[in-house]
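In the two complexes below, subunit A is the common chain; its partner is subunit B in one and subunit C in the other.
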Partner chain A sequence: MSAALEFLRARTIFALILLLALFVGFVELVRPGTVTPLWVSNALMFAAPLAIMGGGQTLVMLTGGIDLSVSAVATGSAYLLATNASHGDFYALAIALSLGAIVGAVNGIGVALLRVQPLVMTLGTGLMTGGVMIVYSQQMMASQPHVPGLIQTLGAGKLAGFVPVDLFLWLIVGGVILFGLHRTGFGRLVYAVGDNAEACHLAGVRVWRVLFVDYLICSVLASITGLVLVGGTNAADLSLAESYLLPSVACVVIGGTSIFGGRGGYGGTIVGALILTVLTSLLTLLDVSEPAKQILFGAIILVLAAAYARLTE
Partner chain B sequence: MIDVVIDAAPVLSIRGVAKSFGSVVALRSADLEVRPGEIHALMGANGAGKSTLVKIITGVYPSDSGEMRLAGAAARFRSPADARRAGVVSVYQDPAIVPDLTVAQNMRLARVPLAAVKSAMRELGIEGVDLATPARLVDFAILRLIDLARALASDPRILILDEITAALPADLSQRVFAVMRDRRSRGASVLFISHRLAEVTALCDRATVLRDGVTVGVTSTKDAAEQIVDLMLGSEVAKAAASVARPTRAPAKEAAALDVANLNYGHALRGVSFAVARGEVLGIAALEGQGQEALFDCIAGVRRADSGIVAANGVALKLRHPADAIRAGLVLVPANRLTSLLPQRSVQENVALAAFGRMRAWGPIALRAERERVGRAVARLQIDTRAAAEVRRLSGGNMQKVVIARWIAAGFKTLLCFDPTRGIDIGAKRQIYALLREVAEQGASVLLFTSELPEIRLVCDRALVLFGGRVAAEMPAAEATEAALLRAAHGLTEAAS
Partner chain C sequence: MTSGAFVRALAMPALLTVALALTRLAHPTFGAFDIQSLALGALPLALAAAAQAIVVISGGIDLSIGSQIAIANVLSASLMQHADFRQSLMISVLVLAAGAGLGLVNGVVVALSRIPDVVATLTTGFIFGGGALLILERPGGGAPAAYLNLAAGQDFGPWLPNGLIVMILGVAAVWAPIRLTRIGLLIYAAGSDPIAAFRSGVDVRAARTIAYLFSGIACAIGGMALTMTTGIGAPLAGAYYTLSSVAAIVIGGVSLTGGRGGMVGPVVAALLLTLAPMDLVFLGIDPNYGQVIQGALIVLVVMAAGFYAYWRERK
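Right after this comes the complex of A and B.
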């Protein structure tokens, strides 16, 4: 018993995977015959955008920060893509991604150079982005928004009718994040800044550069998430990614990244995103009402976070 | 009649007080007697236990054993407020003031009547300070006086001043002394802690000397400066004299590895100049708060000097960020090792950290090369890697070695070592001494501040003594006995010559 606990303590990712398997088993128990290859394929397709957004959130939370503008950026990017698609797909894509770059740069400047609290800074830029998008949507009434076919394929397509296309994007993004965090100098600095920024300063690291690039990457990933989402729904509206904000933080926390920074990683976030997706699916299956769903959702996250804290004590 | 007053029953009497923090013994057996109407000095080297004793008297910490009597009756305070009610009030070394509150709000926080504070401020000549100013905007020296005014406001029987003059310019110190004398004439007692011997002999009636947590002597301060120094040192002098005699190097002709000229920083540094030759270990000795922290920070690019020149190998440097100093080969091992460690990361990541200072190192890491480089540094410092996954699990000595190993791995020309052996065990200390000698013999330079004076002769080629932000003395290691260093550190150079 204690040996098993010791093992889980050293490799919390196994505990998370075990938990994921437990939830999947529960789904099968509630309605036998649900867990089919198609169900798995769908779960992966729905988990991908959350996991991509969670990747950016992981990078930011590893430095001890947080990005609350991700959902506004994702929504805005999706909307910009749809409303500019008539000018050409690449043009629309560039406009959409540049929103992420701009908001990310503003977040970076605020947090890294002006030393605004990340929570406050990104809350502010998130609200501003949302407001700007509303004004923009009122100007854009005339034009007919549509989602480019490429993006529709990305968000909803399945290769050979089975493998979701966004899984490939997730694999690429995930691979880059994992490699970047563990095998590059920048990744080392993300952890180092989160653990002790003063130590980095004393070691000759210009901490603001690390933070700036970090927030920039996070926002661009949020932008990409928006594209995947709008591809999936094929309809751009201004509440598209609203419901993704808190799950993007929750999957990082469930994945074991410390909100104080310096500890954790993307591996945990991946499993965290899968757990949240399966959990949503489970609650839908149980046919609970929306308020009850929210209560359960919140309670389960709390229990997981508490258990995790106990485990890593 | 006079005899009766002098030999009056003590107002405060401490017997055999001991206090440990975990495995660290701060006080072994402290005795102290303060008479009514006297200014009593509490003396001792850094770490002798002075501040701990003050905090026990005023109820900040409970003592492990021993007894305290106040005017003959056994007393034990549970908090400073408790002590204040009994008439024992302290001005601590670190100002007890909330920076974001105004001065007036701070006074209210301590439940001190404002009118009494104002009258004490008038007495100290700082009635011009606006009480509605946030405390953080008030000059540090003035804050010390406000803290003192707050203490005076409750009209204490025993006033305890812990290093109050360390941060004060001379004119403000004089005002404090005047108030102390006034309270003495009114029958109150003052327990005065200062590293400045001249102040103590001029002001105090008697002195109690602590060494390593034990009271080693009580003396009248009249003409007793040398005697107090001897008491503070104890028999260590003889022991240290018997140890290593270092070969001193002839001054090199080439440009100095590090050249500091006329460095100024606020009140902390006033025109400090010196040079460190290639292959030299230059020791710096000073009492607390003589500008050594500012000196190291200014050279390492952590703080910006007001004026003056720092040059490495003959090239004057623009130091705006530690990175600028590091690029010129000046690397810092800071006083508090925790400030330069990543507690949750591995030994390898900690040692390798300095390699990523430049953006061109942000790309893929050559892991094998890094492991070898780090491995060599770890082996050279003999770091115990059993708990290598998280640096916070290492012992203090091993943490310190990790900080040094970072620079061994990254490479440097001059190592700025601030008290690297503070609070670490003797084995690790020896390894660090040997390493400092070794890097010097290989042509690098070392600037070493140490609060343990025997280390100077053990490790350094030459020593400087700082006093009041100036270089008070310079001597070859052979002459840098503890007694000579301590005299110079107390500003008594003339007496020594």
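Right after this comes the complex of A and C.
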């Protein structure tokens, strides 16, 4: 028993995968016959936006930060896309993604150059983004928002009726993140800065550049998440991604990335996002009211995060 | 009190006075009615700010404040709907106990689970939000007129609305037990340097749990104040207060690294944050920019504080 625990402690990713299998088992147990290839395909489709947003969150958490503006950025990008779609798809897409770039750059400047605590900086920019979107939505009342077909395919489409289209986007984003973190100098610097920013500075690393790029990527990924989400729902409103803030943080924490920086990686986040998606599916099967679902979801996240903290202690 | 501390204590009230004077200049009819709506608007926020200040001083941060306020709001509004004034007062005690319970949950989770405050309270906030929806699915409920009058009335003349008095008494009710006893010392010590505090024999985890407990009580008062000022319970009304409470303490001079700051600053900041959107209306600007201004203020204030620290280091 203790040998098994020791093994899991050394290779926590296996513990996570075991947990994921356990949750899938629960789903099958609660309603036998649920876990079909179609169910798996749907789970992957719903996990993709969360995992993409979690990718950005992983990057900033590895440096010891956090981004609380991701849900506002995702919502804003989705809204901008839908309201500008009448001017052409690519124009709308550019506007939507530029919101992520702008907020990310502001976050980056604040955190990297002006040394504002990430929590406060991103809380502030999140508030500002939300406020601007409210004002913007009131001026946009007249025009008819619609989601471009391309984005609808991205968010809800399935290749050959089975492989979700957003899975490909996830594979690309995930591949780039994993390659970037483990095979490039930038990735090593992200870990190094998270481990000890002061030492990096003394060693001649331009810490601000690492942080700036980090926050920029995080916001752009949040922006992309917003596009996937609005493609899935085909309706943009100002509460679209509100419920994604906690899961985006939780999938990283459950995935074993330390919020104090320097430890963890995207692999854990991927499994974390899958676990949370299966958990949502499980709670839906249990046929409980929406508020009760919310309470259970939060409570299980707490238990998982606490258990993980104990395991790696 | 050193002269520096004296200046800092007076800076925020002075800023509020200037802001009020400027408002009066821009809008000459600004009078007793506007003071009343300012007090009503700022009342729940002032208590949210007090709740956040206590936790942050102890070295944590509470992202569940909005949900705690929502629970107190819907709990009081749903229980008081058909109650008379005396019963409502008894229900208030119950709501206070419930608020203390929620605060204790936060404190215990943070102290025992080793999950960082941000993640822990983000999650408990999510859970409490579900709880608020469970109590009252959609806006509704109510409270007897005499109870609403506790905050909405003007028993002491038009220039001294009850809301202002409830604000001061409510904040004092949670802050006095901390400031006037050993608890305050423990909380400040735990926040300013947990390791040094631990080595001096302070039970840091207990100190921070107590801070969350008092914060929960402040949230309960804030939630009931929201019932008094709006007359109903709304399960989603709390969301605004989580972010704004952080804005208020940052502007009010509470250091986010813990151990530093007082209570006058955050409460005055709550008044300023409520005055800003009112001024926008007076100036003919969309009041929704208020949220943008709040966000910008948070960031600018923290940047200024950072620059100030940097400049002092260099000197």
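We adopt the following convention: the second predicted complex is superposed on the first by the 313 of 313 C-alpha atoms of A that agree within 3 Å, B and C clash if a C-alpha of one lies under 4 Å from a C-alpha of the other, contacts with A are read in each partner's own complex, and residues count from 1 in each chain.
FYI, a contact is a pair of C-beta atoms (placed from the backbone, for glycine too) under 8 Å apart; a residue touches a chain by one contact, two chains touch by 3 or more.
Remember, predicted model here, so these are calculated numbers, not experimental data.
Enquirer: A:A192 in the overlay: touching subunit B, subunit C, both, or neither? Say first, second, both or neither.
Expert: first
Enquirer: Looking at A:R310, would you say it contacts subunit B, subunit C, both, or neither? Reply first, second, both or neither.
Expert: second
Enquirer: Which of the two partners, first being subunit B and second being subunit C, lies in contact with A:T284: first, second, both, or neither?
Expert: neither
Enquirer: I want to verify the contact counts: of subunit B and subunit C, which reaches more residues of subunit A?
Expert: Answer, by number of touched residues of subunit A: C.
Enquirer: Where does A:N234 make contact in the superposed view: on subunit B (first), on subunit C (second), on both, or on neither?
Expert: neither
Enquirer: After the superposition on A, what does A:R263 contact: first (subunit B), second (subunit C), both or neither?
Expert: first
Enquirer: After superposition on the shared chain, which partner residues are touched by A:L302: those of subunit B (first), subunit C (second), both, or neither?
Expert: The second partner, subunit C, only.
Enquirer: Looking at the overlay, does A:V205 come into contact with subunit B only (first), subunit C only (second), both, or neither?
Expert: A:V205 sits against subunit B, while subunit C stays out of touch.
Enquirer: State whether A:Q294 touches subunit B only (first), subunit C only (second), both chains, or neither.
Expert: In the superposed model, A:Q294 contacts subunit C only, not subunit B.
Enquirer: Once chain A of both complexes is superposed, is A:Q117 in touch with subunit B (first), subunit C (second), both, or neither?
Expert: Once the two structures are laid over each other on A, A:Q117 reaches subunit C alone.
Enquirer: Help me check something: in the complex, which residues belonging to subunit A touch subunit B?
Expert: Those in contact with subunit B are residues 179, 183-186, 188-189, 191-192, 195-196, 198-206, 209, 258, 262-263.
Enquirer: Inside the complex, what are the residues of subunit A that reach subunit C?
Expert: It is residues 66, 110, 114-117, 119-121, 123-132, 134-135, 138, 245-246, 249-250, 253, 259-260, 289-295, 297-299, 301-302, 305-306, 309-310, 313 of subunit A that touch subunit C.
Enquirer: Which residues of subunit B touch subunit A in the complex?
Expert: Subunit B reaches subunit A through residues 300, 302, 321-323, 326-327, 332, 334, 339-345, 349, 352-357, 359, 361-365, 367, 406.
Enquirer: Help me check something: in the complex, which residues belonging to subunit C touch subunit A?
Expert: 61, 109, 112-116, 118-120, 122-124, 126-127, 129-134, 137, 243, 246-247, 250, 256, 286, 288-299, 302-303, 306-307, 310
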